[in-house]
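Can you read through this structure? Questions will come right after.
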Amino acid sequence: MVVLFLSSLHIIKSMDPAKTAKDIKSMKVRGALKIAVAAAGSLGDYEKTYKGNQDKFLKDLEKKGEILKKARPSAVSLPNAVNYVLYLAENTPDRNELVGKINEFIIEQKEALKKIGKIGAKRIEDGDTILTHCNSMTALEIIKVAKEQGKKIRAVATETRPRHQGYISAKFMAKYKIPVTLIIDSAVRLTMGKLDVDKVVVGADTVCANGAVINKIGTSQVALVAKEFNVPVICACETIKFSPETMLGELIEIEDRDHREIRSPMPGVKMLNPAFDITPAEYVDVIVTEDGIISPYMAYEVLRDKFSWEIKELKQHG
Amino acid sequence: MVVLFLSSLHIIKSMDPAKTAKDIKSMKVRGALKIAVAAAGSLGDYEKTYKGNQDKFLKDLEKKGEILKKARPSAVSLPNAVNYVLYLAENTPDRNELVGKINEFIIEQKEALKKIGKIGAKRIEDGDTILTHCNSMTALEIIKVAKEQGKKIRAVATETRPRHQGYISAKFMAKYKIPVTLIIDSAVRLTMGKLDVDKVVVGADTVCANGAVINKIGTSQVALVAKEFNVPVICACETIKFSPETMLGELIEIEDRDHREIRSPMPGVKMLNPAFDITPAEYVDVIVTEDGIISPYMAYEVLRDKFSWEIKELKQHG
Amino acid sequence: MVVLFLSSLHIIKSMDPAKTAKDIKSMKVRGALKIAVAAAGSLGDYEKTYKGNQDKFLKDLEKKGEILKKARPSAVSLPNAVNYVLYLAENTPDRNELVGKINEFIIEQKEALKKIGKIGAKRIEDGDTILTHCNSMTALEIIKVAKEQGKKIRAVATETRPRHQGYISAKFMAKYKIPVTLIIDSAVRLTMGKLDVDKVVVGADTVCANGAVINKIGTSQVALVAKEFNVPVICACETIKFSPETMLGELIEIEDRDHREIRSPMPGVKMLNPAFDITPAEYVDVIVTEDGIISPYMAYEVLRDKFSWEIKELKQHG
Amino acid sequence: MVVLFLSSLHIIKSMDPAKTAKDIKSMKVRGALKIAVAAAGSLGDYEKTYKGNQDKFLKDLEKKGEILKKARPSAVSLPNAVNYVLYLAENTPDRNELVGKINEFIIEQKEALKKIGKIGAKRIEDGDTILTHCNSMTALEIIKVAKEQGKKIRAVATETRPRHQGYISAKFMAKYKIPVTLIIDSAVRLTMGKLDVDKVVVGADTVCANGAVINKIGTSQVALVAKEFNVPVICACETIKFSPETMLGELIEIEDRDHREIRSPMPGVKMLNPAFDITPAEYVDVIVTEDGIISPYMAYEVLRDKFSWEIKELKQHG
Amino acid sequence: MVVLFLSSLHIIKSMDPAKTAKDIKSMKVRGALKIAVAAAGSLGDYEKTYKGNQDKFLKDLEKKGEILKKARPSAVSLPNAVNYVLYLAENTPDRNELVGKINEFIIEQKEALKKIGKIGAKRIEDGDTILTHCNSMTALEIIKVAKEQGKKIRAVATETRPRHQGYISAKFMAKYKIPVTLIIDSAVRLTMGKLDVDKVVVGADTVCANGAVINKIGTSQVALVAKEFNVPVICACETIKFSPETMLGELIEIEDRDHREIRSPMPGVKMLNPAFDITPAEYVDVIVTEDGIISPYMAYEVLRDKFSWEIKELKQHG
Amino acid sequence: MVVLFLSSLHIIKSMDPAKTAKDIKSMKVRGALKIAVAAAGSLGDYEKTYKGNQDKFLKDLEKKGEILKKARPSAVSLPNAVNYVLYLAENTPDRNELVGKINEFIIEQKEALKKIGKIGAKRIEDGDTILTHCNSMTALEIIKVAKEQGKKIRAVATETRPRHQGYISAKFMAKYKIPVTLIIDSAVRLTMGKLDVDKVVVGADTVCANGAVINKIGTSQVALVAKEFNVPVICACETIKFSPETMLGELIEIEDRDHREIRSPMPGVKMLNPAFDITPAEYVDVIVTEDGIISPYMAYEVLRDKFSWEIKELKQHG
């Protein structure tokens, strides 16, 4: 069994792929990174205990992978992790070596958050007021590390309708003694000027090949307002969330979530509840990854560095 | 007693100024126009029954006016209506004539809504998709009239946190068989492109001398997004809501409303709940008033036409 | 008979309204100013010879006016001129006086072109390169007068598909010894930079209450490119072409002209041949009228100065 | 003799027109307002002592006026004041009444500064950081009054090459205990973000009919940077400086001042030392005049209110 | 003989280099891809039949290459193909292997179109209205494939003066049952809003190192308008058309084509007939190549991947 | 002893590291390139004469390197050169080979200027007017080479307060017979339009990982104005000045230089004298390096190509 943990907050034990898929589906396992780690870990366990020959192993592993990938179709980190394990398996006949490589991958993912915090915090300056939207662990890690470095910072958190994840962000920052102001999503433009916001720090669900950032609905509005005020937008995102499929043209589909998240139905009134929106690269100053700072236009390079094996595959099958 | 009513929905009986002030304070009387009409009506009643001499009458009337004006300091239509009645009283020694003039003013206010609907609807084209924010009677009147003219239109309503006035707007449009989609405030930018929004129609709490529009928090974000997509913003606003004080430099103060409108307090977390924001003139295509269509930059002319008497006063006392 | 002429190029004899309407319809009489002058002249003649009583006269005049107005529904100068004559007739019982006033109006219109040339030419500087689109007499008058003042200028003329009116403009400028370069409409952006264009000078078919300029299709693209290069756009337009109806919300309808102007039909291919497009006020630096220079946002003031009588009428009937 | 003074800093005794013209030429009398007041005063004195008949008086007065107007061709306030006095003289046969009217005009000019300070200060908010360029008495009056009202403000002053008028501004603000930071002109963009500038307050040498503001070289760059950061630009300007000639198309000529203001000549190197530049209306939020706040696009209305008599004249002679 | 073909429409037989050069010159062989394939094929044939020694062979091959390169100096694909064959020849002593490699290169070029169609079509969404300019095979391939995938799409084709290539595009789309509207080039801005255009899809003649796209005159205006309406611009371009010379600073020269393409000469009128214009990278959302989707800013990476051998050469000789 | 020289203007003899550090500190050795070359040269000399064993040598070399790096903390080229020499030393046990490699590095640096001139000059077109800010050797090299190629060019030089380096640039260009106009920094916007500037060419002190350019204070204002006029900004910069530390988030600190550079102290007046400002990548068209033309967004790639060894180090120690 591989003990998986992510930041001090969470301990996840690896389980067999089917069970892991179930937990991902039920949102018991949440967060792009945790999903990736859980999926890789479950495949790693599977490998350690597999008894059949190599050919059958690869086929079975692929099936398990398919089950996992279907558990949350919108989380890019999930196929990225599964495909990477499959790729390793194909190219590593020695099972022990394979398990070692999977563990290495898991450790890298777990360290990514800390690295992003450390790198991103350098871009926060003493006296900054930082606005964040939704509840991104990577964005908050940057803010937290900046505070721990002794920088005097203030924060603004949007409530982030419909699920109010901003409340969690506000509490998190309050816990770290960062003076934080909670606002409704509509108050971003007024606040940007009135509270002299210096930086916007957000996370990302996915980064596309052309540098567009897919993130919680409302992010692109926040970024547009920041652009209007010439305030830099810092996006924090592990490379595991970059989308290799977009290199071959794929558009990220925006999920229309359960309308009851907004409110109970009203006769004659339709609702639209998009989970994400798309922030164009030109509204983002930098993306902070565990490997360093990039201009969003450099997403393509990150994809080539990290997912060349997957792109090759996609091209053959696409 | 003057019977006051505004559109078919409401019947307001005029009452004495003190009672009217109380009802305005408690928000029993709401809406810029209704407030103005109620205030003018109460002063009209007061005049009809007043028995003292002219000098004392004017002084007493001024006192009653002050009471009314304090009932809702942020509603520009209130001092505008009160000041206008005081101005009429000063210049109309004959009380009967005065009551007649006040009634005339009240009737004008009540007709304003219909005129705005008629004028504004001309700017809606067959096939248009219209986005509206909050719950503005004037904006909805335009949309309703356009529908009644047989134009095939669709609508998008934002929920308008924190008090969800967008629900009322959505219901209103559903009642008039306008296909309407309700979205959260954060989804405006995604929706603007995805649903091919053709026009934004909003109301206004106040229009300033430089053409800036003060309206429900979030309006300026909606207008910014509309600008990004080159979608015209139509603002519907009775002239009684234009602010003469801004001609002499006054800044409209943005009320920070009760934070519990957002949510219950959280330890260590401040909240900011601005009632309004300011949309700069450059993001507004036209303002529809009961007197016609203007560029927002023409607000100054409207102020001069309608409030020259008040500006003169302000200059002397300001 | 009133002898009407406009610039040295044209001599128009006034005729009875029905015949004038026919000539306007068949485009024998063309150009906003000439149409206005012809219509006013024909009504003037009609008046001089009318024998009936005043009441019948006014009714008959109105009928003649209606016939004229229908002759070219898209030319704003036509109803403006007709309505003005009707307004004069209503308010001038003395027929001789009336004919005098009509003549005065006609003379004013005829002088407008020269005044615009004189005023607009002041904004052309020695060494300027000027780009013009389509074939506007007012725009060309400005360029011509600047040249006559001894300023060294160069010009660029777009061909202006589909009817190539730019060829006429190019010839006109060549005749006045202005070095002129003819380009296709698609080459505006390249040319703006390559030939260091300093000013764009165009005409207008109509100016709307919010300052939007309706002019030959393509004008708004030229203006957008000029904005991108920070090149001022000068629009030359007689006040008779300003649209009072837009003050009450009316949208100017964009005529879809005969598709064969583009080319012969192709199976399975639709065509769209809009006569005009709409340049928003923010892309226009100044409008030159016979009364002086205005910011386009000031169109509303021009309308109030010139058409207050018409607006009053529109409000009553609108 | 009329005793003329402007703010507590200056006492100017009126003198005969020729001597006044000389003092204006030699820059002994400086500043748009002082020039206007001195010119009007000198004509007022001339009138009081003139002994000839009315016809000759008017002709002589016009000659004196011409002498004055030539003393500083670039100062719009000078012809405005002279022309106004001439206009008064033409329409006021009674000499005593005329002197009274001139005095009234002079007093109005002298009060303008205080009124602008009072009106403009309302737009400064507690906590604001204000950037100013060059040394405008009206801009500084606004800042000073805001400080006197007890608002906590900070200021940034640009040095304003080539003559370093910013040093005077910085000293002025230091004298009023306003924390002020002096920067070079090139540091405006960096400072706008780093010091969280909230407002830009500048003066104007002239305001044109289309709302363009002519002011000290560099103003338009400051305004452009402010636009980039969405910081409002407040321009403070007495109406006497608005240019009626621009209504008829006149372009304000930008004076190329003595190159030695920059530095001593260098072989092979030309220099260009423009005194002013032109800030387009779209970069200016409001103009503060002694009559109130306007959008710059409203300059036309101010010109019509204040200079209708002059425009009429210009049209006849122009 | 190598049989060369490109899409189902064309069969090209390879010929000797001199004859091929002639056909390219006379425009018998047209289109960037076909030119490249024809050139490579002719050199391939030449190689197969060459009898001399290796040293002489290389020198002769280079001469043939020079002849080909001069046949159409403005087509970047031509020197790219010739230089690549020369590079292969230098590094592949075995002639059979060399012919194999050339064939491989030819096949790659021929497959590029299909790959671009497949990748680009993923970015077209059901319900999209797509505007295209000129007649680009790659752009049309994307639209065609999207249609074949069953997406309901509509199209707008500009006529593309002076040679009206848009007629061919319109016919092409009509053939594939795509509802298409033909407009003149000046109507793009009006149409973008009126027909709710969702995507612009264009080809490219060349892509420069900084991401600028050289394409048919007018493309940059279309892209500017698209930017104004926030409509993404998709540029479809084979990597063989990317320009390695621009990496070393070379500017692409814009050919001034025969003026009679515009119209017959007019006395005193010059003409300018630029073949292409330059769309800056910031107006282009993505470039679709046969290798995938890139941000235009990534052009540099494509050049490094594909033309490293050529750049090395250029640096040595440049 | 290694004889170091840079362009024909300077001969620098290499000295021991301590003395070199002193000369760098005292600004006897100035300019990013000269600093880098001097530092590398001094370490090279040190190596040649070092007698101890390898381990001690590396430690001593590192100490010498630290001394050098502290000599001018803000010059990125200094640590880049020192770190590169240390890296070579670690990986080249043979001292002779090591000295050879250091010399190679030095020669490369010295050739960079000429290469930049050659590459950048290709982007200057006949007839161009070029504006430059401050006194950048690389920018001037480009202008000089373009002139030597026979292109008719004109130049504008800003004086560049507070130290007036623009005077040196103006003289330099005058020497090469380039017609040059000197302006104050505030006159850039007026000049951009009035003199029809076609290109802005500037140097850089550092280029950051996200493409932001750090250069002499005022550069970002010049670039903003250029953007407003759609004038391309060309930045000339050797790759030795790119900052690898910014890849890991480091912000370049803007030095606040001696305030007396502005003027003598004034009581109550603070001063701010930032040495540099930051031009965002979106305002820069291309960066010209000795390796070719890149979009500023490609800075990341340059950093990866040139400083992969340093980044690896930074990641381990960062």
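By written order: A, B, C, D, E and F. Residues from 1 in each chain.
Note that contacts are C-beta pairs under 8 Å (C-beta built on N, C-alpha and C of every residue); 3 or more make two chains touch, one makes a residue touch a chain.
Please read these numbers as outputs of a predicted model, since none were measured by experiment.
Interface residue usage between chain B and chain C, two copies of one sequence, is largely distinct: under half of the residue numbers at the contact are used by both copies. Contact tally for E-F versus A-B: the pair with more C-beta pairs in contact is A-B. Centroids built from CA atoms put chain F at 57 Å from chain C. Chain E has its Cα centroid 38 Å from the Cα centroid of chain A. For chain D, the set of residues touching two or more other chains reads 228, 282, 297, 301.
In this structure, the chains touch in the following pairs: A-B, A-D, A-E, A-F, B-C, B-D, B-E, C-D, C-E, C-F, D-F, E-F. Within the complex formed with chain F, the chain D residues making contact are 157, 159-162, 164, 167, 170-171, 174-175, 177, 179-191, 194-195, 217-218, 220-221, 224-225, 228, 254, 262-263, 266-274, 277-278. Those residues of chain D whose C-beta lies close enough to touch chain C in the complex are 209-211, 246-251, 280-282, 297, 299-301, 311, 315, 318.
Chain A contributes residues 193, 196, 198, 228-230 to its touches with chain D in the complex.
Residue ranges of chain B in contact with chain C, taken from their complex: 118-123, 125, 282, 285-286, 288, 292-295, 297-298, 301.
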